[in-house]
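Two complexes, one shared chain (chain A), two partners (chain B, chain C).
Up next, the complex of A and B:
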């Protein structure tokens, strides 16, 4: 009985992310003597939601197979945040327009990325990296470093909590569930998985490989644009380095969440577990009152350790 | 004869030198005073540390991986350089040697567990940054006198950077492109299966390349403090992206073990000059990173054009 339960557990690598998150959370509240247990969880859900949003896009891209990764996510977030906040100019009436602008910024970056990959035959990592330079520069030049306040309604939306659960997380959960369905139940999702498992076989089976890859890079960039928009609302405006931490976060939540780095197999629920784990880990290290240096070392070491344990695929 | 001169292979290998010449001529045209010993010295001041970091990145790219932590590592080395290496040289040496071994161990881990190098090196960048903060919590320190003396040594005719760059490029070229084991190392990037079948150890090759990357990272950090004489933990974070751009500019292919040490050094110098070139053009510093992205894309586009003409000739 226990044996088969263990077998089941090892078949679900994403469960580890939730188990890890729970352990870290328990360690934190033992240290605080039970104080702030709920608040910590609520904050983790708030911040974790942003990682999940960009994580979904990154997961789709990584599922396309080895060498596929989107390094332009941080720059796209910044760009979309800066442009939409400047155009909205703190007016409530412009919220919807701003959202569309942020999504359009993302879509434009995605189209540009895939143009580099397809037309110039640049490997995706280098293509998204070089385009991120251009996108980041555009954000700097356009935003001039001014932090424009988000419209009050957007700020409220992204910071409101209902019974301790962030409204944003409540809204993103159906989105995540929907993207999970898309992956496993639609022609598009199955094509992404097929390309990740064997691009040649997928092509021979009639999958429109170019179109699917194009759609996936655009999807990732659009989600990054969306994340930049809501994150600007959450943190009182768009700043030029707001995307920086999401380079590691977007890749790490995908890998820790149980998605295969070799492509062709992905796991959406794991993104939530991994995002919570990443935030709770940092919170735990902060609560322990460690110095900045030790905190960074432990964050890095634990992330590498978890990936060594969870992410290794067999040769 | 003419067909030989226009052969894609030759054109491709001349591309890095061509880009460097173009940017150098443009600088001399815009600012004729740069065409002097003093002017060159100023322009190329920071070229050497960037060239070393680029060679480090090249070693990792040779075996089809990517190092997103090299900038943080160079920063760590710089911090050790201005503290321990100056106060207790023996301890400093041991720490730097240990960090090279750690780089080798990271290569072994990535290979044995088949992990994505981007995630592991990105995670490790936190560890290096944390260690650097522990070693040197606030900017400062003092570079060992001998390092400063070597880096500021006035060589006859042209600045020291030029002699040093030529020497390093040739040494690494001979080691990787002209030696028997160098061919094996590059083969690991080209076709690991056949290298393994020829009974070469893949893990040893990966350890060698990662340890070499660590060695060049150490050289980069030490040469950097020779110029700045003080350091801080964030001093070299931008080297991560610069080094990747340098390798690609220098004709390195992202996969397949096709690299060029001479090209990488030329690429690093081109990127160092690109900054000055843009300020001579009075382009706002906002566009500095963007221009690096644009240069990268242009060079890659040129290479695609050359490759296509090659494919057409073969067909």
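Up next, the complex of A and C:
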């Protein structure tokens, strides 16, 4: 009984994100008379992939429990994108080096974030927010608004579609599945969940709380760095405001995806549903041709609705 | 210095101010001017700050003013900028040049500055407080101009996709109003879709990619600047023919246009406000401090790039920057009187840049 109840808990929430995405998609194609149904899905998958990448990191952080959130994701994306694109300088031969640089940028930000949180005892919200100012300013100082084209191979890789499915999404799916396995099948993942449920109990049970939290903040920043790198390839270069919309998006996909904001319960498949939902929702409202005000009100109302539905199931 | 006094004389002549020679310049040599800027996170703002820096440093070196210090708030918040302006009052600046986060929410702080005897000049993001000077662009006309161009280029008309800026911002409403007015006057065009691209390439790309599948054939994309390249990427990714996309003077947009032009004779036009408008605000502040009569409301023409001068302007634009001109006071005077069209204006500005 307990087992099946737990299964219910962990399985139901992500269903709502997919149901929401499907409803919104159907509403859109009814409006267009069936035109562009496949293309809309394909575009949703393209852009949703970026939200999923940063969403995975944010989900791990949020799972650590109340007060844990990474607000430096947009700045880290921008920083990693700007630095890697400038060093690569559009050369195909530098793609791998660039990737490593982007990941290293992310790792550096992650270490710095946790340094603020642990050594200076600053709450994560304030620590990551203030570090994001530093990181964003570094990106501005280093990049000076320069938009350098990504190497052609990287641009092709991030924009290619196979039968309408973006190659990048195909590559990120195993990564997401792997991160799901890590969360539920490894000591590290179980530790993250345990800390989220009760940090004291976790500590008494022998979980190395500090190390796990450290690793999680670094993981989130590294994924943000990776996202900044592929997004630069996708959108023809890094720009200073490229990360801006991923602050809300990274948190929204986690919450809509059925992960508990209070921590301790995660939901990886829900990230995909929520990312598709967020993109399709904006597309639907754009397609309906509503004014910006109405669009924003509806976006807010629908997101609240989905969270209430998903959350209601949990109790 | 030679060109400087020449320009100063020209200014004097235009203004009708007598005894406006090198002697007048000395009057502001002890004055300090501060720039209060609300945002630095995009290429336009970077170019704007760079122009200010270059122009300001040269002016300080030439002994025209004592300081031209730029300050940017970190969070693009009205409260933060109000506090910043209050700090500038306390620091004893003689003039404050403002690119404001809000047209009316800073009025209190601006009024305080005026009451303290400080000259306040707002530009781009202007303030409505009457004691301040305003250097505005006719954004509505900037929108309308696009339709006038399209009516000439595509007489048969067709469907338009509109990319707007940041929802709720005055500039976005104005440009969009101009576009819709233009579309009404040229009824062969129909706006079939409208998305918000936040003046950012990647946001625009995302928004266009989302709405594109549901749209019929698009003849042209009308834009607000900073969004044309993203739109082009979205059309390419969707495998649809690239329509005529109006550009917004960003280097990546002009570069893309050049590549298309060379490959298949692609034609369009590009229009935006030149980031060097910050230097105009600087000179207005300097002139006011000098005692010159300057009208409270100045209008700056936008900077337009056409098929024939694309190469010239692209060549003069830094990689990753924005097509720019650094302003001098006499240009603004003339444009304010309505004598100088944008294109002549550009040439004029190039000839009369005060400080290289």
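One rule holds for everything that comes next: the second predicted complex is superposed on the first by the 297 of 315 C-alpha atoms of A that agree within 3 Å, B and C clash if a C-alpha of one lies under 4 Å from a C-alpha of the other, contacts with A are read in each partner's own complex, and residues count from 1 in each chain.
Quick note on the criterion: a contact is a pair of C-beta atoms (placed from the backbone, for glycine too) under 8 Å apart; a residue touches a chain by one contact, two chains touch by 3 or more.
The structure presented is a predicted model; accordingly, all values stated were derived computationally and were not measured.
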item	value
Partners on chain A (chain B, chain C) - clash or fit	clash
First, second, both or neither for A:300, with chain B first and chain C second	first
Partner chain(s) touched by A:15 [first = chain B, second = chain C, both, neither]	neither
First, second, both or neither for A:140, with chain B first and chain C second	both
Which of chain B and chain C A:279 touches, first, second, both or neither	second
Touching partner for A:287 - first (chain B), second (chain C), both, neither	second
First, second, both or neither for A:69, with chain B first and chain C second	first
Touched partner set for A:252, first chain B, second chain C, both or neither	first
Clash with chain B (superposed arrangement) - responsible stretch of chain C out of 21-29, 75-83, 201-209 or 255-263	75-83
Intersection of the chain A residues that touch chain B with those that touch chain C	133, 136-137, 140, 292-293, 295-296
Chain A residues within the chain B interface of the complex	67, 69, 116, 120-123, 125-126, 129-134, 136-138, 140-141, 247-248, 251-252, 255, 261, 291-301, 303-304, 307-308, 311-315
Sites on chain B touched by chain A in the complex	66, 109, 113-116, 118-120, 122-134, 137, 241, 244-245, 248, 254-255, 284, 286-294, 296-297, 300-301, 304, 307
Residues of chain A that touch chain C when the two form their complex	28, 31-32, 35-40, 43-44, 46-47, 133, 136-137, 140, 143-148, 159, 231, 235-237, 239-242, 244-245, 279-280, 282-283, 286-287, 289, 292-293, 295-296
Residues of chain C touching chain A in the complex	40-43, 45-47, 50, 74, 164, 167-168, 193-196, 198, 200-203, 205-207, 209-215, 229-230, 233, 237-238, 251-252, 319-321
